[in-house]
Amino acid sequence: MKIIVCIKQVPDTNEVKIDPVKGTLLREGVPSILNPDDKAALEEALRVKDEHPETHITVLTMGPPQAEEVLIEGVAMGADTGILLSDRAFAGADTWATSNTLAKAIEKIGDYDIIFCGRQAIDGDTAQVGPQIGERLGIPQVSYVEKFYLKDGNIRVHRALEDGYEIIEGKPPILLTTIKELNKPRYPSIPGIMKAYREDLIKVWTYGDLDIPSTDIGLDGSPTQVKRSFTPEQKGKGEILDGSTDEKVQQLMKKLQENNLLRRD
Amino acid sequence: MNFNLTKEQQMIQKTVIRFTKNEVEPIAAEVDENQRFPTETVEKMQRCGMMGIAVPREYGGAGADELAYVLAVEELSKSCATTGVILSAHSSLGCWPIQQFGTEGQKKKYLKPLASGEKLGAFGLTEPNAGTDAAGQQTVAVPEGDHYRINGTKIFITNGGEAGIYIIFAMTDASKGLKGISAFIVESDTPGFSIGKKEKKLGIRGSATTELVFKNMMVPKENLLGKEGQGFKIAMQTLDGGRIGIAAQALGIAEGAMEKSIRYVKEREQFNRPIGKFQGLQFMMADMETKIQASKLLVYQAAAAKSEGKPYGKLAAMAKLFASETAMEVTTKAVQLHGGYGYTSDYPIERMMRDAKITEIYEGTSEVQKMVVAADILR
Amino acid sequence: MGIKILQEECVGCTLCVGACPFDAIDMINGVAVMNENCTNCGACVGACNFSAIIREASEMKAMNIEDYNGVWVFAEQRKGELMDVAIELLGEGRRLAEEIDTKLSAVLIGDDVKGLSEELFSYGADHVYLSEGEHLKQYTTDGYTKVLSQMVEAYKPEIVLFGATHIGRDLAPRVAARVDTGLTADCTRLEIDPEGKGLMQTRPAFGGNIMATIICPKHRPQMATVRPGVMEKAKRKEKREDQQLIEFTNDVTAEDIRIKILEVIKAKKTGVNIVDSDVIIAGGRGLDKKEGFQLLEELADRLGGVVAASRAAVDAGWIDHDHQVGQTGKTVRPELYIACGISGAIQHMAGMQGAKTIVAINKNPDAPIFKIADIGIVGDVYEVVGKLLAALEEKA
């Protein structure tokens, strides 16, 4: 079986802090990590390989040169090869252009049975790239996969819903987007780390390596644009609510609603 | 001397940091409380290839260098000194002597399962009457056909009872004193091998420290490590390297206590301000940090020398001497910084203080380290 | 293309360096220079006080956007029941439709769901586009994408909104890719640009650390998924004469659907995972009794969260150690942490001070927890929580 796992290097958004004076992001000391949902995707592919050692796993990412680090991590965890799509021409891509680029790279890789993607990346939280790759490639998808197994050459998954799950069966080729609850990913192994750095397992593809018009990639290939980005209002100093209990509860409700904390998802 | 870690070393460090945070730290207090050997952690370390970190790839290891190994012990020990010493004893005292002195056959048979982590390694030199003075060995190995018949007792053996492969020292010719000691590779299922008393300890309470009892234990002749009479040399060289591991453990304990103290003095408020604002405590912490950094340089220096094939006996002794005394001092002060809370088991600091003490004692006491250093400089 | 630094305008203030989330700006000879890490996110454009950083217009291939009209709302239904978010979208969609002077339509896809169109009308839809078929009974990516894409191509709406549910987030990207347009995920605010009349879609990014306003200037429809629970629900209104049901015949066959749903299982999430939860309701000694946690459980249920506890409550045997937050428990950093009857011992606060919003309810006004709380309520925890539950009930 041939598996391609799409992964992304992301800043650990849990570690992001805001400059209290300037209100800007403090990026210093924010570590870059392999996106958690993607790590679950890779782990699931590795479990297939544990069971069926002839399985070949390619980890694929798009990003600046240092995104190679997540490919190294992927190989150190057990993937066979890694491909980095890196070119200034790819930069500024929205999900549409990103999925175009990744889909072209997957077509170039050619042979695959399963494409695993993480459901969403913690820096953007869009959950769009996986399904859009599926659409570009014209293959079926199942998103929010929380359980996966192979059964008589078929693929069985549980797709998480808000209030339960669906049991779904599909056949390769198929694209699956995984949530981090799917499994507990392994650590990179120390021998794997040595192998990843010492053996030439990671390739870099630039714009010239893909058969794709420049109008389909990067900023030019992106229907959506960031018009403005800003830091949300910082929470001020704590506040002790006044009034009767009813009034206090009403004020609390209002504040929770304003801060978008009354949703249930 | 290069102060930068290689990318490989950085990633190994990052991985062990994550491993420690997720797998080791959460059970550290419980392991200590129940004096329980953390078998599950060892299995997890095995799965990520940590048990053969410095063993060459041809013998199933990761083929990383001494510094990578030091980084691993250091990071584990920041949260749990027990886990740190399990790896240190296994690697430095179990794997290394076979790698260094073993025959090809011995390496295939014993180093491979150690490197894969399938078996844990241990080292048996100390006896009730032969501590620092190893020449007092009363364990005796007598040749008998294809075997040696070994009788005697070893004490304070780290990983005792948990290990599958032991490096054991015994007298093959008492008339020659130190030159009459030989080293053997002994499997735990050898008839006549048994585990005696399990020690209850002040610190590193999760690590297994036991007595080994040999009663007419028959060890095949091919399990002689090196030549007859080379045992003392093997033991001393092994301990030279082992000290780097213990120094890394001590460094980790001190760093762990320091990290927690820094956090605490920022959080804890008295007299309406964080206690870290008081200069008396600031000065104390500046001293702690300075000594930690000095330890780190000594430890990494010794590891680098070993990796590069340079002499490291003196460097290792200095590193262990300084790092272990720093660990004791830093953890003691860390308890002080935490006040009453630090004295309770709600915080890990008291455990770290108890754990630190052993680093001044095992694999050569601080006094032995001074003997090694003095012998080297006055040579 | 992309972000450009006008070197002659740059005064070397380094504001942009601090604003860049990607380490993409270096100071070279006193002026800012972009390096290869740049992702064109635009954070620096707003940070520059000297108009020295600009976003150059892109040369995107465009479509004829004049052909597109109307606001559409995907009326997600499951087993014949309309999802709340569909009603929220109708409320929001109405506001947008009025601003650009166009119709509001609901799109209803399923099998034998025609009856729901009345409900959609009552919430103000001018039109309901209905497409039914036996292969559309259950949601499948393949079936729904095919129908909705065909409908979009046939009727050319200007804006299409989806709930950011597990279904909406599965369907919307697929449709957007098929009809070649942009999509913005998980919006929390939608506005019409007063000048170009385009849709300005604001959403949190970077784990909520920054907000980004996204536009889709040259493609139609402008598509967005919207977080459930954020927008105000539409109010029920009288049926109007001009409301119209438009049936769209589809040709979805069994062959179109390439996966098979074997079973749908309703299940409550089991097990506690306080570390991963966005909402935590924690109880302490101030609850006085084990039963207090039942009340907190109700509140957690309402808010989609889990129950946690201080050590005092765990030691009292009121709740299992798995729920303990603090030095000897777990460290959590949820979006919302409501501390009920927790005084705020230093060991506890060590485990939860990373929470985004901390609400503290305690009868002692001097409790240390109020020092780190964003919102503090001094009062009886049972009374406050009880009233909060009632208020939430009323809202729902």
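Order of writing sets the chain letters: A, B and C. Residues in each chain are counted from 1.
Note that a residue touches a chain if its C-beta (ideal position, glycine included) is under 8 Å from a C-beta of that chain, and two chains touch if they have at least 3 such contacts.
Here the structure is a predicted model, which is why all the values come from computation and not from measurement.
Participant: Computing the C-alpha centre of each chain, which chain sits at the greatest distance from chain C?
Facilitator: Between chain C and the rest, the longest centre separation is with B.
Participant: Of the chains present, which has its C-alpha mean closest to the combined C-alpha mean?
Facilitator: Of all chains shown, the one whose C-alpha centroid lies nearest the global centroid is A.
Participant: If you tally C-beta pairs in contact for every chain pair, which pair wins? Let me know.
Facilitator: Of all chain pairs, the one joined by the most C-beta contacts is A-C.
Participant: Roughly how far is chain A from chain C, going centre to centre by Cα mean, in whole Å?
Facilitator: Their C-alpha centroids are separated by 18 Å.
Participant: Just how far, in Å, is the C-alpha centre of chain B from the one of chain A?
Facilitator: About 40 Å, centre to centre.
Participant: Using CA atom averages as chain centres, what separation in Å is found between chain B and chain C?
Facilitator: The computed centroid separation for chain B versus chain C comes out at 51 Å.
Participant: Among the residues of chain C, which ones contact at least 2 other chains?
Facilitator: Residues of chain C never touch two or more of the other chains.
Participant: Could you pull out which chain C residues touch chain B in their complex?
Facilitator: Residue positions touching the partner: 327-328, 346-347, 349-350.
Participant: Give every residue of chain B touching chain C within the complex, in rising order.
Facilitator: 29, 263, 267-268, 341, 346-347
Participant: For the complex, which residues does chain A have touching chain C?
Facilitator: 11, 13-14, 16, 18-19, 22, 24-27, 64-66, 88, 91-92, 94-96, 99, 122-132, 134-136, 140-144, 156, 159-171, 174, 181, 215, 218-232, 235, 238-241, 245-246, 248-250, 252-253, 255-256, 259-265
Participant: Touching chain B in the complex: which residues of chain A?
Facilitator: For chain A paired with chain B, touching residues are 72-73, 76, 186-194, 197.
Participant: Would you pull the chain C residues touching chain A in the complex into a rising list?
Facilitator: 1-3, 15, 18-23, 36-43, 45-47, 55, 58-61, 141-142, 145, 164-167, 169-170, 172-174, 176-178, 180-186, 188, 200, 204-219, 227-230, 258-268, 276, 279, 302-304, 333, 335-336, 356-359, 365, 370-380, 383-384, 387-388, 391-392, 395
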